[in-house]
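One chain, chain A, appears in both complexes that follow, with chain B as partner in the first and chain C in the second.
And now, the complex of A and B:
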């Protein structure tokens, strides 16, 4: 019967502890700490949550409770090109559901998942404030508007090529 | 105090400002049904998320129905608790809860004792109109606790006990909407989590989502095995609670009937954990006197305060949360484990039975005891000192199973030699009891004088943290007592920060001590039941002819015949243990 051990890289431990400290290790700042940590790591693995729990002196179960409650937080790494399909009212009535279905088919992943080579991840969100362009899809920071299901495979192809070029260079 | 007048079901009532409609109705003899709500004021247990909506009532002038458990009374309020609108809505709420609940009442461990089932009976549910999505979680069976989250109704009582009362933090509500459920961090098993197996989650669970691991089939098989000598020991708190399972008044002392029932069940030897509680006092008391003497002689390295170590959930708690203090608790094993170690050595030799042919069963008010007897350090060649630990509830099932009419049983004494005990041992079952028993013995051993006043009433009570200074004929010792692990945490923090003035501290994990353990008959939120058991424990103490552990003739005999002196070589081998560091370690990954 020995203690439970987890292994994490030194700079990651230090950075997360620094984030916690910047909020005075206050448990009431948990959501802000999680935001900053996700910004840094791109996601919130169990190990990161354990480190946060320890620093804020709360249980890991409570941290996990908050992480699993909010759809913004993710325990899986996002793809290099995160795809977010707007499912707000305007986009929805203009066929956003069909766009999501097409992305699922083309990328072969479900909403909330990342594809095998880590390039694309798929998410849905509510209203990006560009209803005039409905239906809208965000890839990274870039807005693609007035889409039809047929456009999806072109978008995917475009980003895949861009990404391949970057990888070569 | 400001008061408020209101009308509930056409009856007027005056209540203090801040009173909920639920309490005000209760005052009028109107019992509004509840499900998630749990309030045990004296024990500092409050769970009122107002989430189940079973207690909804109609308030004149208000559009929506209001939950009575969290809605405060207001001046002139007119409340209806059973109008047609309320009854229909309450039924709908219950049917919606039932729509995501397995309808397997016939085979559920909680059947007959389930608050949801009782509600369905009370509200006359005859048909389920909603056929929606069903949860599908994997059943988890740990050393002590079975978690069947398909039965969870999200009352969050377990979460309150685990986080607020115990500050253990093993369970928390995760996810949102339909997938929301009470879980461990990252869906770990309980063994991987900081769970101490105190069982308070099981004690308050209104349904069959959290239950104990049932060892009765194993006990039945052992009893039927002609080659095995089966020995049973019964913890102090069992004798003041078991009667409830057979319709007796809470607080009925059933020691004599209990021993008869165990003999009728076919146990070869019916012994008493009280016997080994007396033994614990000899060891722990001697250890305390040893440490105090060293301290008085100027030894600055001596570890004080001495912490009691009878409660296995408490042991798990400090191993996980305060491993840096693991040298402070007494090294004395718990009475359950002392009994097992002696039964399978001294007693097995005496009756000429091989260790592997002896089965030791314990009847405990506790779930952590199941985990404790499975710990590796309490095994010899993989053979455990205590084979199966069953709860008070499991024993009641066994008695019913073999057609024993418990209420009409004759009273018989425990068998000899591991059955004789004292009043000091029986009070191990309540908060403050272990340290009081220790004081009775330590007083006479330290002062060499006769203790005239046996009742240390200053150590008794229901407050979470208590303290008293006991005068040992000029030597003043500060005694601390905590029940509930949040209170224990407060004292441990003090020790860690060097601001603790106590010489000895008793800790029990459960609210009220073992009388309210996770394995006891379910109290369903009724504090009176716990208090009746509490009174009964002290009554059982007063009824005993001998009330100090060191005066137990059977204990004196075993030291003379077998053990030698308390804390001697043989005692250390059989009756003492050591603790582990179980804290989560974050290691630097160099790859």
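And now, the complex of A and C:
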């Protein structure tokens, strides 16, 4: 294992090792370690998985197996405005599929992709539990409820403008 | 509580928070202060009231006024009118759709009249982040009683006699489960709470944890004492940040009060609780998969036996119960098993929480006695179908359940009746569908879910469900044959008989129940190549009714592919070979001339 060279900034390696250590480098805490690492990096690249595997003294295959098993973990960076459309049953029955289609059209990306400038990424998720507001879309942490397909372009516009302002500043 | 003139309860559940209930709370606090009323009016952020359709909800005590769809800017009026002048703000009251009467008191609202709240007894009444409020409502009294009696078997007997069955879906008798775990001797045992609510469309566990976390903590300690476990673990979805936060606060407070930790109530009993996080895998609701996930592995189920009661977390005897099951325990101890078993039907005692959603007027969380009929739930509590459309089906049990039709509307709801009708109780999702829902598509929707969530360990589930999904897709694309219907039936039976865990064994249920109850609709897809509900895009045909078309050209101008031809002021026509079935013409036409075939 020690022969593998990992091309990551030193401070990132140290931070991940610190996370592992905060869980006593226990392999049973792998999922908690991955949660914390994803919180820190935004996603779980292969390099980060190798650092974790080394620290917890387990194979990289086991780490990858867990990362790929759970939908909450991602190996790709998300956009700065991650859009998640709820595809729970309540939202589906109230037309969530049309909302997804509209986002695909407006953003010109498929589900699971990030657009070229890295602003928007599109994902579907299962039930945020706000079924009273169905259909529901999350942009970052903000919930947009009771949506119709027509609302999609307004939402995208709103965030694009917000983002442009931030970029200027 | 006596010093305050009014108590303002504001829902702080996920649904209402998404509609700015935070801002409402801030506005109340700020404006009360500005008016010098902060000592007379107490503002409380509570858990979910259940009536999510009309959220955010603000309730004012002592007069029990129930304001709906409150916006942050309405707060000023509520304070000026209600708090200062004692007049109710009429425009924010619930209006009974049948009688058009304003209902100020939630007790008189159709949505609440037939409900009986046991598991949800405190949600919407107390501040979940204040342990004193829980204690004021008999909180931790049951734990004290149990520890004072110091007879685990006597407590297990009470739970057994109450008839409580697992609320997570399986319906296994809770008392019996505890008894089995209590009899397996070991140096360490674990009491585990399953809060991995993965059924899309069900959110009762989340609401209990957000609205009344102490009820679960107390019950876990009681259960821990009964089976001889000193450690409790709560496995919760990472997707529920608010519930996690409230749980952490509650566990901290319970430790501070000595209700968790060493020597609880000086009985010599030690018990403490840790939280473990899920990471988005439906199969982890299965108890063996859940345990593997807690150990830091892929959440794949294993064959039972050994049951968790024999060999569970870290190979030690463990007992897994669902959140709602736990929430019932303290009340059963406080009020007695006789009281609990007097509610419900012969084999299903007590109440069940359902998440009512879909095409229904009153979406929300309800708790009803077992034995209530679907008709009462849908038409009296749920307020009927949205937009006056016709009821078509109700789906219970989530991806493991089935769709029930009109003929089951008067069947009393309990574990056994739902199973006999081809569905199941499940965790309590109840999705109402109207005539615009295509049942083949609904089955496909659930199969898509199962295919995605199948852990891939056993072949029937991994490959069988995929084939079911492909066949359904073929049918909704208009390429299905009669043989495909036989294939669906046969393959479903094989998967049910051979899959390893509960997920695979129940995954074909949505297919089987829709074939059984809506065979005509499947036939229409494969024989007539039509989708009666008009949902399957490939089977849709838009045509213009020449009698209604006045030739306004609105549709032709809107058509993105130029498939509509015709002279001005003369009936138009759609060229079917060009039509992409986007439905734009249908939306643009003001003369009801575009028909879907």
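By our rule, the second predicted complex is superposed on the first by the 165 of 169 C-alpha atoms of A that agree within 3 Å, B and C clash if a C-alpha of one lies under 4 Å from a C-alpha of the other, contacts with A are read in each partner's own complex, and residues count from 1 in each chain.
Methods note: a residue touches a chain if its C-beta (ideal position, glycine included) is under 8 Å from a C-beta of that chain, and two chains touch if they have at least 3 such contacts.
Predicted, not measured: the structure shown is a model, and the values here were computed from it.
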Practice task
Look at A:46 in the shared chain and tell me whether it touches chain B only, chain C only, both, or neither; answer first, second, both or neither.
Solution key: first
Practice task
Applying the touch criterion given at the start, work out whether A:152 contacts chain B, chain C, both or neither, answering first, second, both or neither.
Solution key: neither
Exercise for the section: Kindly classify A:54 by the partners it touches after superposition: chain B alone (first), chain C alone (second), both, or neither? Expected result: first
Exercise for the section: May I ask you to decide whether A:131 touches chain B, chain C, both, or neither, giving the answer as first, second, both or neither? Expected result: second
Practice task
Please work out whether A:69 is in contact with chain B alone, chain C alone, both, or neither, and reply first, second, both or neither.
Solution key: both
Practice task
Scan A:27 for contacts with chain B and chain C and give back first, second, both or neither.
Solution key: second
Exercise for the section: Using the superposition on chain A described above, determine whether A:10 touches chain B (first), chain C (second), both, or neither. Expected result: first
Completion exercise
Shared chain A footprint, chain B vs chain C, residue numbers 62, 65, 69-71
Completion exercise
chain C partner, complex, touching residues on chain A are 26-32, 34-35, 62, 65-66, 69-73, 87-90, 92-94, 125-134, 136, 143, 145
Problem - Residue ranges of chain B in contact with chain A within the complex - result: 163, 168-176, 183-186, 192-194, 323, 375-376, 580-589
Practice task
Flag every residue of chain C that touches chain A in the complex, lowest number first.
Solution key: 14-15, 17-19, 52-53, 55, 197-203, 206-207, 238-240, 276-282, 293, 295-299, 314, 355, 357-359, 363-364, 395, 398, 429, 431-433, 437, 445, 449, 455
Practice task
Going by the contact rule at the top, pick out the chain A residues touching chain B in the complex.
Solution key: 1-10, 13, 46-47, 49-51, 53-54, 58-65, 68-71
